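Next up, some structures in C-alpha cells.
Shared between the two complexes below is chain A, which pairs with chain B and chain C, respectively.
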Partner chain A sequence: MTIKVALMGNPNVGKTSLFNALTGARQHVANWPGVTVEKREGTVLHKGFRIHVVDLPGIYTFGSKSIDEQIARDYILFEAPDVVVVVADAVNPEQGLYLLMQVLELRADVILVMNAVDELEKSGAQLDRYELEKHLGVHVIPTVATKRQGVSELLNTIVHVFKSKPVHLPVKFRYDEEVEKRINELEEESSSKCENLNVPTRWLAIRLIEGDDVVKWFCDIPFQLNEEEKKRLGLLIAKSRYDHINMIIREAYSGGLSSKRLPLDEAIDHVLTHKYLGIPIFFAIMYLIFSFTFEVAQPLADGIDASIAYLAELVKASLGENWFSSLLADGIISGVGAVLVFTPNIFVMFLGLGVLEETGYLPRAAFVIDRVMYALKLSGRSFMSLILGFGCNVPSILSTRAISDPRERLVTILVSPFVTCSARLPVYILLAGLFFPKHAGSMLFLMYSASIILAALSSVLLNKVLFKGEPVPLIMELPRYRKPTVLGLLNYSWSKGRHFLQKAGTIILAASVAIWFLGSFPPGDIENTFAARLGKFLEPIFKPLGYDWRTTTALIFGMAAKEIMVSTFSTFYSTEGVEFTEAMRNAMDPATALSLMFFVLTYIPCFATIAAIRSETQSSKWTAVSILYGLVIAYGLAYLVKVVIGGWVGT
Partner chain B sequence: MRLNEVSDGAVVQVVDLDAPDTLRERLLGLGFVPGQTVVVGETAPLGDPRVYIVGRKVVTLREAEARRVEIKPADFIPLAMANPGRYVVVALSGGHRFRQRMANLGLQEGITIEVSYNRGAISLLVESGGRVVIGRGQAKRILVKAIGGAPR
Partner chain C sequence: MGWNLTNLMLSSLWFLAGVLKIAGIGTTSDIPFGIVFVVIGAIFFWGVLEDPTDHPKRLAHTYVGGVISIWLAILSVAHTLLKDSSYTNVYFELGVPILAVLSYFAGLRARKEIEAGR
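Up next, the complex of A and B:
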C-alpha cells in the first residue's frame, strides 16, 4: 500500500535534508532559501507500506507568487497527498508555526517536524514537544535531518497518521469576533460555488479575506470585500495567529530561547556586509576561488595530462599503427583525455562554490551587491542565480523559478548564458596557458569579470529595449551561518562535478569519435578530410576574425558542449605528429587566441542550456533571441578584441 | 513613521502594513505583524537594502518595501541608542560571563540608571552611585526602558 507524503515548510528549514534522510536520495541541499525549485519524489519502504515522499520548494504562506512557490502550493491543494509533513526550524519556530496554522485550516492529517534541534540545544534552549502537541493537536517530531535523527520515528508516525485517518481538525482556532462573523458569511456564500476545489469552506473564506486570487479562479464567488476591509481583517488574522504562536512558544520552550540572534553571526555579518569592506571582500572571495581553481588544481591536472599522453603512446605501441589504434589513441583517449585533464580544476571550483552555498555567504553577497542589481532593474535574488552559473548554466536557469517577477526572471534567464560556466574553463585554461603563460591566472579573472560585465550590460539593454522594466522587491531571509562539513563539501562537489565526468563519458566521447572520423577520412592529406571541408566551407565567415578551419570546426562542435572544443583541437593538431599544444601555438597568435576566448565566452553556451532556456521560458522566440543575441555579441566582441589587441601587439 | 525612516540600530514596533495583497501576505509570513518588535540592522554598502531582525530571523528589505511598514519607536531600546536621561535596565542579552561582568559594574535587570552622555561610549550613573563608562558593543546588548525625570 502506498502513502503519499508531502514535505512542506518555510525555505531553508531542512526539507530536502529530511527528504534525503528519509529516502536515501542525494538532492541538492544548501544554506540559502530557495534551493529546491521543483518537486522531487522518492520512495521508502516501511512496515509494509510504500511511503512515497515528495519534497517541495519552501513557502511562507499560501499566497504564492513565484513559480517554485506555486508548485508547492498547487501540490498541497490539488494533488491530494495522504499525509502532510510541515517542517519547521526549531531555532526560529514562529514563521514555521504560522504556516502550520494555515495548513491546519486545510486538513487534519498533518505532522509537525521541528528540525535542527541540535542547533537549538547548542543555543542552550530546550523544546517540550508534548507541550506543542497539546496546543497544536498534531504529532510533533524533533529531528536533526543532517544526522538522520528522528527519521524512523517520523516514518512510524506517518504510518500511524495514515492508518488513523484523522479528518476532524484537531483544534479549531478562533479569530476575533469580527473576523469570525465575516468568515461565516463568506462560508455560506462560497459553500455551493466552489465544488471543483476540494477544500474546507472555512479555509476558503480565510483565504478570500487574505486576498488570494487563486481561490477566485476556482470559485465563482461574487466578491464583496473591499480593499480596506481585506487589509484590516487580514492583519487581525495574522496578529491572532502570531499571538497564539508566541503563547505556545512561551509554554513549550525553556532555557531562554533568546530574543536575539547569535552574537557570532552578528559579528561575522558586521564584517562580511560592512559598509566599506563588504564589496572588496566579495571580490576577494571570488578571486580566491578562481585562482584556487587554476593554481591548486594545476599540478594534478598536469599529472593527468602526462598519464593520458602515456596511455595513448602505450596503445599505439602495443597495437601498432592502424586505423583502430588511431581511433583509440588519437580519437578517444586524446579527445576525451584532453577534457578529463581539467577534472581537478572543475572539482576545485565546485569546492569553492560549495563553501559559498553551504556557509550561508551566498545570500550575503546578494545583499551586498543588491543596489547594483537594482540599477539594472534586477535584484540580489537574480544575482544569486547568476553566481550559480559559474558552476553550470542549467541549474542557474532553473533556480530563477524562485524569482517572483516574471520580467526579472526572463531577463535573468536571457543573460545567464553569459555567466561563464565550468565547461568553458577548459578552453580558457588551454588558451591562456598556451598564449599567456605568465598571466594565465589574470586572464582567467579577466574572462570572469568580462562575463559579469556582459551579463550586466545585457540586462540593461534588455530592460531598456524589450521591456519597460520596473524595480522589483527584494525580500530575502539571511540564514544562520553554518560550518560546512568536509563530507558535505566533498558530496557537493562530487554531485556537481560528476556531471562533468558523465559528459566526458557520453557526449564528449561520441563527439571525439565523430571528430576523429571527420578528421581521418578520406585518408591522406588532413586538408582534404571531411572536417577540413566542413571547416573550410564555413571559414569565410570567420575570416575577419582570423580563425582557420580547425578553429571553425571546433566552434561548431563546441555548440554541443564547450569542452568538445578542446578535444577537437587535440585531435586536429596532434595528427600532424607534433604535440598538439605546440602545433596550436604555431598556428595562432595571442590576439587571435584572446579573441577566441571571448567568442567562446559569449556564443551558444551548449545544447543543455538552450534546452533549459526553451523549457523555462516556454518560448521558442526567446530561445531564438538568446541564441542570436549571443552570436552577434560573440562576433562583434571577438572582432573588437582581435583588432584592438592585434593592433596594439603589432605596434 | 515608516521603517525606512529610522536609522541603523533603532528598535521599533510594527504598527501597520500599507502594501498590496501579495506583498502584505509575504511580510506577514516573515513576521512583520502589528505589535512585533523589529531591530533595525545594518545597511548594505551601497545604501540599500537593509537588514531587519524580526525575532531571531534576519530579513533584508529594500527601502521601497521598508516604506510599506508603519512603525513606532519600541518601548525598549538598546542602551547604545539611549539619549541622556533616566532608564530601567530591562534585559542583558549575553552569556553568563557578560552578565557577570555587568553585575560587577552594578548593572543588573531592574536597576535604574542615568545616562549622562552618549558619544559612542556611554557614561552613566548606576543606582549605587558609581559612574560607569561602557563601550558601544556592550551597550548594544543591554536593553533599557526610558522612565521620566531629567538627569541630575
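Up next, the complex of A and C:
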C-alpha cells in the first residue's frame, strides 16, 4: 500500500535534507532559501508500506504569488496527499508554526517536524515537544535531518497517522470578532459554490478574506473587499495567529529562545554585509576562489592531459596509421580528452563555491549586492538566481520561479545566459592558460566579473527599453552560518560537476566524432575538408574580429555545448603536426584570444538553455530576443575588445 | 585598547603586504592579489573605527579578517609550492602565511570573546 506524503515548510528549514534522509536521495541542499523550485519525489519502503515523499518548494503562506509557491499550494489542494509533514526550524519556529496553522485549518492529518534541534540545544534553549503537541493537536517529531536523527521516528509516525486516518476535522482557531463575522458570511456562500474543491469552507473563507485570487477563481464567488478593508482584516488575522504562536512558544520553549540570532552570527553579518566593506569582501572572496581553481587544479589537469596524449599515441602505435586509429586517437580520445582535462578545475571551483553556499555566505552576498542591483532595477533575489548559473544556466533559469514579480522574472531569465556556466570554463581556462599564463587566475576572475556586470547592465537596458516599473525589494531571512562538512562539499561539487562528465560521455563524444569526420573528409588537405569549407564560408563575417575558419567552425559547433569548442580546436590544430595548444598560440594573438573569450561569454546560449528559456517564458518571441540580443552584444563586445586591446598591445 | 591595537597592527601589516604585492617589491607583482591583501587590511582597520562601546562589532572585524586571511594563506602556500618556488620571493611568500596564521589566531580569540559575550 502506498502512502502519499507531502513535505512542506518555509524556505531553508531543511526540507530537502529531510527528503534526502527519508528517501536516500541526493538532491542538492543549500544553506539559502529558494533552492527547491519544483517538486521532487522519492520513495521509501517502511513497515510494509511504500511511502511516496514529495518535497515541495518552500512557502511562508498559502496566499503566495510566485510560481514555486503556487506549486506547493496546488499540490496540497489538488493532489490529495495522505499525510502532510510540515517542517519548521526549531531555532526560529514562528514562521513555520504560522504555516502550520494555515495547514491545520485545511486538514488534520499533519505531522510537525522541528528540525535542527541540535542547533537549538547549542544556543542553550530547550524544546518541550509534548507541550507543543498539546497546544497544536498534532504529532511533533524533533529531527536533525543532516544527521538522520529522528528519521525513523518520523517514518513510524507517518504510518501511524495514515493508519489511524484522522477524521477530516481541522483545528478551529478563533480570530477577532469582526473576522469571524466575515468568515461566517463567506462560509455559507462558499459551501454551495466551491463544491469542486474538497476543502473546509472555513479555510476557503479565510483565504478569500486574505485575497487569494486562485481560490476566488475556482469558487467564482463575487466577493469584493476594498484595499483598506483587505489590509485591515489581513492584519487582524495575522495578529491573532502570531499571538497564538507566541503563547505556544512561551509554553513549549525554555532557556532563552528570545535571543533568536546567535551573537557570533550577528557579529559576522555586521562585517560581511557592511555598507562599505561588503562588496570589496565579496569580490576578494570570489577572486580567491577563481585563483584557487587555477592554482590547485592545474597540476591535476596537466596530469590528465599527459595521460590522454599518451593514450592517443598508444592507440596510434597499436593500430597503425589508418582511418580507424585516427577516429579513435584524433577524434574520440583527443576530442573528449581535451574537454576532460578541465574536470579538476571544474570540481575545484565548485568546492570553493560549495564552501560559500554551505556556510550561508551566498545569501549575504545577495543582500550586499542587492543595494547595487536595486539601483539597476533588479533585486538580490535575481542575483541569487544568476549565481546558480555559474554551474549551469538551466537551473538558474528554473530558479527564477521563486521571483514573484513577472517583469523581474522575465528580465532575469533573459540575462541569465550571460552568466558564465561551467561549460564555458574549459574555453576560458584553455585561452587564459595559453595566452595569459602569468595572470590566468585573474583572467578567470575578469570573465566571471564581466559576466555579472553584463547581466546587470543588460537588465538596466531591458528595464529602460522594454519594461517599466520598480523592482520588488529583497526581503529574506538570512540563514544561520554553518560549518561546511566534507561530505556536504563533495556532494555539492559532485552534483554540480557531474553534469560536465555526463556531457563528456554523450554530446561531446558525439560531437567529437562529427568534428573528426567533418575535419577529415574528403581526405587530403585539411583546408578542403567539409569543416574548412563551412568555416571559410562564414569566415568573412568574423574577419573583423580576427577569427580564422577554425575559430569560426569552433563557434558554430559550440552552439550545441560550449565545451565542444575545445574539442574542435584540439582536432583542427592537432593536424599541423605539433601540440594543438602550441599551434593555437602561433595562430592567434592575445587580443584575439581575449576577444574570443568575450564572444564565448555572450553569444548564443547552448541548446538546453534555449529550451529552458522557451519553456519558462512560454514565448518564442522572448527566446528569439534572448538569442539575437546575445549575438549582437557578443559581436560588438568582441570587436571592442579586439580593437581596444589590440591597439593597446599592438598586434 | 588591546583589540584596537591588534586590529591596527594587523591592518598595517596587511596594507604593507598589499602595497608590496601591487608594486612588486620583494615579490612578483600581482595587482588583484595585492588588492585582496588591502581588503583584508581594511577589514581589520574598520574594527578600529567601530564604536568603542560596541565590543562585539570590533571583535567581528578581527574574526572575519582572520578567517579570510587563512584562506588566502592556503592559496598563497599552494601558489608557492605549485608555481613559484623561486628563492627571490621567499621572504614575502613565507611572510604572508605567517601573517595569515597570526591573524587567524587573533580571529579565534575574538570569536571566543564574542561567544562568551564579553
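We adopt the following convention: the second predicted complex is superposed on the first by the 638 of 651 C-alpha atoms of A that agree within 3 Å, B and C clash if a C-alpha of one lies under 4 Å from a C-alpha of the other, contacts with A are read in each partner's own complex, and residues count from 1 in each chain.
Operating definition for what follows: contacts are C-beta pairs under 8 Å (C-beta built on N, C-alpha and C of every residue); 3 or more make two chains touch, one makes a residue touch a chain.
Remember, predicted model here, so these are calculated numbers, not experimental data.
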item	value
Partner chain(s) touched by A:Val643 [first = chain B, second = chain C, both, neither]	neither
Touched partner set for A:Phe445, first chain B, second chain C, both or neither	second
Which superposed partner A:Ala284 touches (first chain B, second chain C, both, neither)	second
Which superposed partner A:Ile627 touches (first chain B, second chain C, both, neither)	neither
First (chain B), second (chain C), both or neither touched by A:Glu295	second
Most chain A residues touched (candidates chain B, chain C)	B
Partner chain in contact with A:Pro263 - chain B first, chain C second, else both or neither	both
Contacts of A:His274 with chain B and chain C, given as first, second, both or neither	both
Overlapping contact positions on chain A, where the chain C interface meets the chain B interface	263, 270, 274, 276
Partner chain A, residues of chain B touching it in the complex	16-17, 21-31, 33-36, 41-49, 51, 53, 55-62, 64-65, 93-94, 141
Residues on chain C engaged by chain A in the complex (per definition of touch)	30-33, 35-36, 39-40, 42-43, 46, 56-57, 59-61, 63-64, 68, 71-72, 74-75, 78-79, 82-83, 111, 114-115, 117
Complex interface listing, chain A residues touching chain C	263-264, 266-268, 270-272, 274, 276-277, 280-281, 283-285, 287-288, 291-292, 295-296, 298-299, 439, 441-442, 445
Chain B partner contacts - residues on chain A that touch it in the complex	60-61, 63, 65, 91-92, 94-95, 98-99, 210-211, 213, 230-231, 234-235, 238-239, 242-243, 258-261, 263, 265, 269-270, 273-276, 278-279, 363, 367-368, 370-372, 374, 380, 471, 473-478
